[in-house]
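Okay, so chain A shows up in both of these, paired with chain B first and chain C after.
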Partner chain A sequence: MIRSFALASLFAAAPIAAAAHQLTVFASVDCEVVLVEAKFSNGNAVQQADVRILDGQNTLLTTLPIGQDGTLSIPLDSVDHSEGLVIEVDTGSHHNYWIVTPDDIARNCQS
Partner chain B sequence: MKRYLATASLAGLIAATPAFAHYGMIIPDDPMISQEDGRSVALIMSFSHPFEMDGMMLDTPIAFSVTHEGTTTDLLGELESATVMDDQGYTLEYGLDRPGTYIFAMEPQPYWEPAEDAFIIHYTKTYVTAYGDDEGWDTELGLKTEIIPLSKPFGLWEHNVFQGIVKMDGEPVPYAEVEVEFFNDGAGATVPDELMITQTVKADADGVFTYAPPSDGWWGFAALNTADYTLPQDGEDKAVELGAVIWVHFEEWTGQ
Partner chain C sequence: MHALKPFLAVCFALVASSAVIAQDRPRVVAVNYALQYFAERLVGDDADVVFPVPADQDPSFWRPSIADISMIQSSDLILLNGAGFATWVDRVSLPRSKLVNTSAAIEDQFIVTQSITHSHGDGGEHSHEGLASYVWLDPALAIAQAEEIAAAITARNLASTDEVETRLEMLRTDLEDLDADARSALADLQNVTFIATHPRYEYFANRYGLSVRSLEWEAGIMPTEADLTQLRALAEETQAQVLIWEAMPPAGAFEVAAAVGLQSIVFSPLAHGAEGQTFLDTYADVISAMAEIGTQ
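Right after this comes the complex of A and B.
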């Protein structure tokens, strides 16, 4: 279980998830990239959406378009991830988020 | 005149009341893991009378696995021995790397039950969803005998119906008998008659059964059939009861 103190503040800063027509957002991380994946509850990949990358203080770092396959790769060294990242996906009518914690990065980056 | 029995006293009656149902159990700490919950699920495995909270010996299972996105992973070697309901059980902390439905399944060793003059094998499973993605909730594992959920086996409100298909060797079992029992962990549920400890429903001609629980909590569904083979015990061939067990959590209704 995650025990990072940073997690609490990250979740406090995160937006409330969309309630209907659920949009699922997930981000995996390794030592080089954050891979964002977004799909609807029927399994269809999101084809158009803005992906906002915020740091652990909820400061917007950058906004990028998602790919037509519903994914987006973000080079880890292109963003300040020292306190984790908040990944927001906004299709215009649906939005949701995933929080990449410092523990996520440490756990998946063995070197 | 109905007698209301406290569950604490029921455990003491078990020796004189051998008909109480046995259940293989896989109980996660949460059937719906959100990202706020962390990145893993904690599981407790046992063999018990769940309403009476009475444990029995669960030997090292023959198989224990998780299935996610069509891939089945052997977890038998990762089980930790533990005492569950005062008897031998197991625990497992399992990391959830990706969203979706994780189906944990256990095939125990045959349990010799002298009171029934038969062996018991309960193929037991539980569905856990991770990170808001329920894809895979109706997955069929292809177990020897299995309940295939027709209702999503998590995220149900109390009093919702749960429906499933009872299968044996991949085929529906017409009019299969399904025993239903509440995991009375901290709930303090009592019964007006011992007959109500285990509820019983029958499937229809297509093997479909339906049940609506009276409360939130964990409810176990066990479809019981006799195997088409026997096992030896004391030089004799003995019948084998095959159970298809699924554990489903119902959530407390939050409205007024």
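Right after this comes the complex of A and C.
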């Protein structure tokens, strides 16, 4: 690594270090549920956050609280997932998202 | 009307056949313009190369739609930049067999940009190091990315190995020539300090031994009074002579910079393409503009 640029500028800020990057969101899917997992980059599970579910047109379908263990299980039959889903997790200070496509759902349903 | 029928039939057949051809062509997706340019040079007409980010959005932070991701998932090859560029790639499922990290071979040359200290939740205070991600602005690293792309194209049989090798040799020559021109043109600028409106030029500066300090301005808009206060402070501290604009600012912005004692240069960092110009055109124009400063 070349570190000559480290702290080279008082004003320099790396794009990849934006606050949103510090919250990791992952969603896996099978034929019945979307399982959302959210944790901070230090490995700690998110304990309080809103989980927003949006459809393929970016329309908000529902907002649900995340569980104490940083996970949330969303039954597929409770949301219109025909055009895929966008899962947004918002802790108030950090937010991030995961995109589930129709192919993701179909592929995991077949496996 | 009867005379028109054969003509219309031929037109219909042509349109239909071209649609089939377009559908049948393999598709390569690139996460920035630079990679799109390299891929187009290497794959020729054997595949469509798509860079899906709208022109008004930063490819580093672009948030794709579900339809965008569906299109990308169904592509034949997905060219990643690495070095943390394009945060969306970590927020979707992408088929590993189609992914290529074009900077995998040059990770030992990545530039660490800074360390941010903050805290959240009950995790306590901690730091995150960042990486400069505009690696393609160093032509030697751009060649390494092009080599990765060429290998990925031939490994997936998207074009013939001989043709890709020939095209790679031509691209390598172009980038080596560009590098030689830049090295010559920028040789007299070792004592000039540049200020950039955004931290994009770490690899460029490193390649040519230039001193570039960075602000955090929005691209293409008039600087605010707070921005100008930062600029004056940094210009005074560094005795900088030149301000590098990431994108063409509104009319009057160059005069504002001149009032701080700075000449202005627009240097698109090529994450997006410039209209009517290739990667090489844009780069060569910037070198010429910088060389003029060296002669003043």
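Just so it is clear, the second predicted complex is superposed on the first by the 89 of 111 C-alpha atoms of A that agree within 3 Å, B and C clash if a C-alpha of one lies under 4 Å from a C-alpha of the other, contacts with A are read in each partner's own complex, and residues count from 1 in each chain.
Criterion: contacts are C-beta pairs under 8 Å (C-beta built on N, C-alpha and C of every residue); 3 or more make two chains touch, one makes a residue touch a chain.
Remember, predicted model here, so these are calculated numbers, not experimental data.
Once chain A of one complex is fitted onto chain A of the other, the partner contacts of A:V86 are limited to chain C, with no touch recorded for chain B.
Once the two complexes are overlaid on the shared chain, A:S78 sits clear of chain B and of chain C alike.
In the superposed model, A:T62 lies in contact with neither chain B nor chain C. With both structures placed on the common chain, the touch criterion links A:N44 to chain C but leaves chain B unconnected.
In the superposed model, C is the one of chain B and chain C that contacts more residues of chain A. Once the two complexes are laid over each other on the shared chain, residue contacts for A:H94 go to chain C alone; chain B is not touched.
Comparing the two interfaces of chain A, the one with chain B and the one with chain C have residues 1-2, 11, 17, 22, 41, 96, 98-99, 103-104 in common. Of all residues in chain B, those touching chain A in their complex are 35-40, 97-99, 131-135. Put simply, chain C touches chain A in their complex at residues 58, 60-61, 63-67, 69-70, 73-74, 83-85, 87, 91-93, 108-116, 118, 120-123, 126, 128-133, 199, 202, 206, 213-216, 230, 234.
For chain A in complex with chain C, the touching residues are 1-22, 25, 40-42, 44, 46-47, 56, 58, 83-86, 91, 93-94, 96-104. Of all residues in chain A, those touching chain B in their complex are 1-2, 11, 17, 22, 24, 26, 28, 39, 41, 43, 96, 98-99, 103-104, 107.
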